[in-house]
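So, here's a batch of structures to check.
One chain, subunit A, appears in both complexes that follow, with subunit B as partner in the first and subunit C in the second.
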Partner chain A sequence: MTAPRVPATARRRPATRRSGLASARLLRLELRHNAMLWMLPVAVALFWFTTYRKTMAMPPLWNLRAANMQSGALADFITPVVGAAAWMGSREARRHTTDLVTITARPRWARLLTTWAATTGWAIAGCLGCLAVLYTVTARQAGWGGPLWWPAAVVAASLAALSAIGFAAGTLVPGRLTAPLAAVAAFFMLALSTELIVGSQSYWQISPLVTGPWDAGPNAGVGTFYPYLPDLSIAQAMFLAGLTIAVLAALALPRGSGGRRLRAAAAAACAGGLVAAGTAVALAGTGKLDAHGMIAIPALHDAANDRPIRFSPVCSQTAIPVCLNPAYASYLPAVAAALKPVLHEIAGLPGAPVRISQAAVTYQQGAGNSVGASLAGPPVSGRPPVYHLLLPDQLPGPVTTVSELAAAARLTAGPAILASVMGDGPGASQAQHAVTAALVMAAGLPPHGIPPAADGQPGTPPEVTPGSPAYAAAQRFAALPASARHAWLVRHLTALRAGRVTLAQLP
Partner chain B sequence: MNVEISGLTRRFGRTTAVAGVDLQAGPGVLGLLGPNGAGKTSLLRVMATVVPPTSGRLRLLGRDPGQYGPRREIRRRLGYLPQNLGYYPGFTVAEFVEYFALLKEMPAARVPAAVAAAVERVELGGKAKARLRTLSGGMLRRAGIAQAIVNEPELLLLDEPTAGLDPEQRVAFRGLLRHLGQRATVVVSTHLVEDVGAACARVALMDRGEIVFHGTPADLTARGQGHGIGDAPLERGYSAVISAARS
Partner chain C sequence: MRAAAPAGSARPARPLPGGTRLVRLHAISRRVPAAVAAIAACALGLRLALIGHWDSYGALQLPLVFEAASAMAITITTASPLGEPERAGGRWLPFLRLASAMMLTAAAAAALAAAGTGAHLAGGPLDVLRNVAGMTGIGLLCAAALGGGLAWAGPAGYLVAGAYALYTQWHGPALTTPWIWPARPPHDLGAAICAGLVFAGGIAVISVRGARDRADE
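Coming up: the complex of A and B.
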């Protein structure tokens, strides 16, 4: 061992700038030797196998994919992040370096904060990297709209909060079992946090897993006709930020963590964080399902978000154009093809719609967590008449593929369009039922009342059942050449709609 | 005086580890000798500001470590090697030393040079990029010494620094101690009386939490004249003082 040659170091306290440089160097060391770095491949693999593949199977709608990403990414990252943070938090005790680091000048809290920052930095970087890939692919596929950043912000804030909780657990209860126990506990706590949600006015909506009305799930009908409401996301981000600040500040409260001023500031920050988190929970409790399918929190709500988004619809080149919101442009060819036979039957008839136009869904909170979704007004309105179409994906339920959606639209919207033109509905005549059923058969759809295909379809007229006079008349009318059917309808549709045509008068 | 201790007591539960110690030390190397359980490590931990004294007065580098501001200032000028060195196996030697240089709030711009110098001084220059998990016990001890001296401490506290070092390294380390002692106060706790004889200007002998002897190695040697236990004069002095303290 050799005698020292380096000059004595300056004894002045480093200036802020130099202190910042030292903090950056410390952070670099912590980043290089962080357990989260080893857990990232696990988290990314989980994200790939569960969230990414599931999200990519969804239609390329920003709201749909962003909502699924938020809850999925959280579920994938929570265990690795909390585990790694707890492992890093317990490092000094596990490695018996407590004495060594205790006698250094840098306050304990600043030292711990650097370690936490490195852990959280890797977690957020990894998660945002996954998100970037998902959003980049979606940007290439989506025909309209743009990325939603609030879900990403909630995910980032969640990871910071979860990391802080895990880190604090590791610091307070250092041990080799702390990390796995904290990871498992955090997973179950987050998963169970949604179990107590009842209705839209629930404090438990503060759970970052919640992206909208609970039990409605990611919904394609949200955020396309009306702006995405960030109200709940703001409350969640506020809650998570408050929680993070409170937990991290609590680490500075024990004696020896820093000077009196630091501890006083930490106590204030801890209280402030708790107040912010509590306020956010209270705000979430005031949230209500709005008519556009999102949670609106009055205190955070921006009335400008209640105005519909202006858009130019994309329309098909069919006999009667089918016009969809540009967000659904990728659905148009399949939906137009599915409805083409139906539209062919009514094109040119008096009172037939000049356009099939996709409409927004109106949502209503039901009992418990049930959510009702329907068309706001009558299906046909205006002069010339326009038929307002709801795609099955706009309604709460499982997300379908494009071909599944087109088939469902054909089975539900097709008969409904025909019935609206024929005036079929409650109180309609047997002839109206029969003609509607005939056109349904002619369009190649499962005829109403004939099981099994049409069984249970909405609007099924019970009168048109096999063996009934109306069914026989429908079969007879459907058997006519298309031109003959069309010619008869042109001449008699007004009388038919007025209920002045009997079954016997049908050709 | 860099170390001023009077009536210092440290208790852990019902056990009194340090009992009313008085000690003053200026620049130079002070050897702290004593049998197992004498309280050497506890005294060093109090002096290192790891734990506060239960009672008594302690001033280090002219400051009161009981107050946060002065304690922080002391810690900037302090080097400490604990008896059981904890370390992060994934860190390289240079990173380990750099980590502690930064925690000691050395000016960041000076850290790289200071780290390189400290690593060289403990003759680990060739292993600077080796991960700590790959080092032998002796090398780890030297890495621990490097982190203790990286900030050119004015008060250096070393608890069993030569444990695990081979004879050649121990000789070199004594040279380093003598050099550091020219400017700083170095307190070395050890079982090895030859280390004290070779490197320490003064020696304090602890037994049962108390300092039972404080003087030069020559004084301690003189106490051993006529005492039969021990191979070397200093060892005989050590045995004589301990025997006298216990009788």
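Coming up: the complex of A and C.
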């Protein structure tokens, strides 16, 4: 038997390269034997069941879908990520290998960090995969705009923080009950912490589930006429990053986690992380609802985001063109078809608008968590006149389908457009009320007043009571042939608007 | 090995009867005392949480969180530290598993229902019983498929689905399938049948087969 011959000139590899390779190998091992891999099907199934289906049912607006994705994806991944991280954190104690691995060359903290990194890596990879599918489908459907990356960044930062918290819980309190209890506790804390939000100046807005004014919900009117404000997202990402650093650094503080210098550096990092997280919470508390419907934080606000977005509207080929923001292009055919009978009644009349143009909304914080929304400026402006339209989805409330939105626009904007042309309103004459009501009837809209949903639409005409002289005149005028009505209006509209026409003078 | 009793001391303690000792050892090996403590903590947590003021979402989702936590605690007791030797020699094992799961589920439902006494517990005791039984069934099925250690993933995932279904009661379209029973009214027969079927399936599988466990955990 001969001893193996070793070449005398064998070179030693650099220590750093060897260390890097060993770390990569350790990470590869951790990735292959990680509980998060088993949890991914659960998280992805939840994402599909709760977030994807709901988001896809929304109109293809980037702002709407990205905001919904942030809240939904996070809620879906909380329990799997925290549970898996806690399970991985308690592995050494569970398998009774603590003493065995203590004698290895690598510091304990470095080993723990690798396990955490593998768990977080799987969680983020799974979540980004879900996000990629959602954004790809949205990109194919959306006619304008582009993906919003701040919500995705907040979700990724949240997963890292949740993983760190779960991992720390598993490491510090190892046991079989730790993982499930940590998962439920994290869900409880995050999902129900939003109960504490009151108004737009709340510290609790730091919760990564919050994307805008709480209780107003995702709103189609936000982020289309003005840029999507990243202020709250920046504060949330700062908070989550600080929390992650603080929790992970705290794992290195116990004696035996590493050398003296490592523990000193970890203490500094822990303090720095806590300061960053605390600062972010304080910043979130200074936020307030801005006029464009998002939370603006003065210290993080970029004034450039207050300028409106330039766009070329998309217009219909109707008698009076209906022009919408290109983000709402998918609504145009349905909205134009819904308003067509109304526009047919007023086309060619003196003072009729040359265009129905969608306008931006102005938001105001109400009492508690209520948010008020109204048209920014008068309903009719310019010369020749342009009528400014608000789509129902731009106002706070449930998001509707395209057909529901068109039906609502017909009921709300239709009478308002007619009233604006007739000069109808609270101080108008009985003849103006009657002619507006007649045109409402002729356009096929409900004759007995306007539904309560129309209250938010500017220029909604007053109700004409059935049985009143004005109602009888309206029925008489509506019964005329369309050409006769139109001819009479061409001749007498100026006098009607000036209040010089009486009910008796109506044909 | 037991130390000899000092001379003149009281009578030596009588050993427990065989059956009782078997039940006690089984319960300890399955961490039943820890699960009971966790269930008691859940009941206490629910009671404390019910003191606070919750809006309509929170009031509905609150009991579900504690019911899921109790169900997860029960699923933890399916993991066996003994593995194959116990399976080979334990003639009474299926009955012990059955009794353990049934007793813990009953205890959890009773504790949570008691915690809601005198407070506004959304859904009431019937809701608690149905939800705890159903989610425990999911956990037991997961224990048979994934192992006792990771069985909590089932109730944890179902908690999110249930909370979402409750949310859709306000923001439609509402989920009305009886398989997501937390969103159904307490007297809904379909939901009760679905939860009962899942519980019965879970109990049957875990009693006969036990959890799919690795010996090193």
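Here, the second predicted complex is superposed on the first by the 478 of 507 C-alpha atoms of A that agree within 3 Å, B and C clash if a C-alpha of one lies under 4 Å from a C-alpha of the other, contacts with A are read in each partner's own complex, and residues count from 1 in each chain.
The rule is short, and it goes like this: a residue touches a chain if its C-beta (ideal position, glycine included) is under 8 Å from a C-beta of that chain, and two chains touch if they have at least 3 such contacts.
Model, not experiment: these values are computed from the prediction.
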item	value
Which superposed partner A:Arg95 touches (first subunit B, second subunit C, both, neither)	both
Touching partner for A:Ala487 - first (subunit B), second (subunit C), both, neither	neither
Partner chain(s) touched by A:Ala498 [first = subunit B, second = subunit C, both, neither]	neither
Partner chain(s) touched by A:Phe188 [first = subunit B, second = subunit C, both, neither]	second
Subunit B versus subunit C as contact partner of A:Ala179, first or second or both or neither	second
Partner chain(s) touched by A:Ala479 [first = subunit B, second = subunit C, both, neither]	neither
Subunit B versus subunit C as contact partner of A:Ala139, first or second or both or neither	neither
Contacts of A:Ala22 with subunit B and subunit C, given as first, second, both or neither	first
Subunit B/subunit C common contact set on subunit A	95
For the subunit C and subunit A complex, residues of the former touching the latter	31, 34-35, 38, 54-55, 57-58, 61-62, 65, 68-69, 72-73, 75-76, 79, 146, 148-150, 152-153, 155-157, 159-161, 163-164, 171-172, 216-217
Subunit C-facing residues of subunit A, complex	35, 38-39, 42-43, 45-46, 49-50, 75-76, 78-80, 83, 87, 94-95, 175-177, 179-181, 183-184, 187-188, 191-192, 195, 217, 398
Subunit B partner contacts - residues on subunit A that touch it in the complex	1-6, 8-11, 13-14, 18-19, 21-22, 24-26, 29, 32-33, 91-92, 95-107, 111, 258-260
List of subunit B residues in touch with subunit A within their complex	45, 48-50, 68-69, 72-73, 75-78, 80, 82, 84-91, 95, 98-100, 102-111, 113-114, 117, 120-123, 142, 145, 147, 149, 151-152, 169, 172-173, 175-176, 179-180, 183
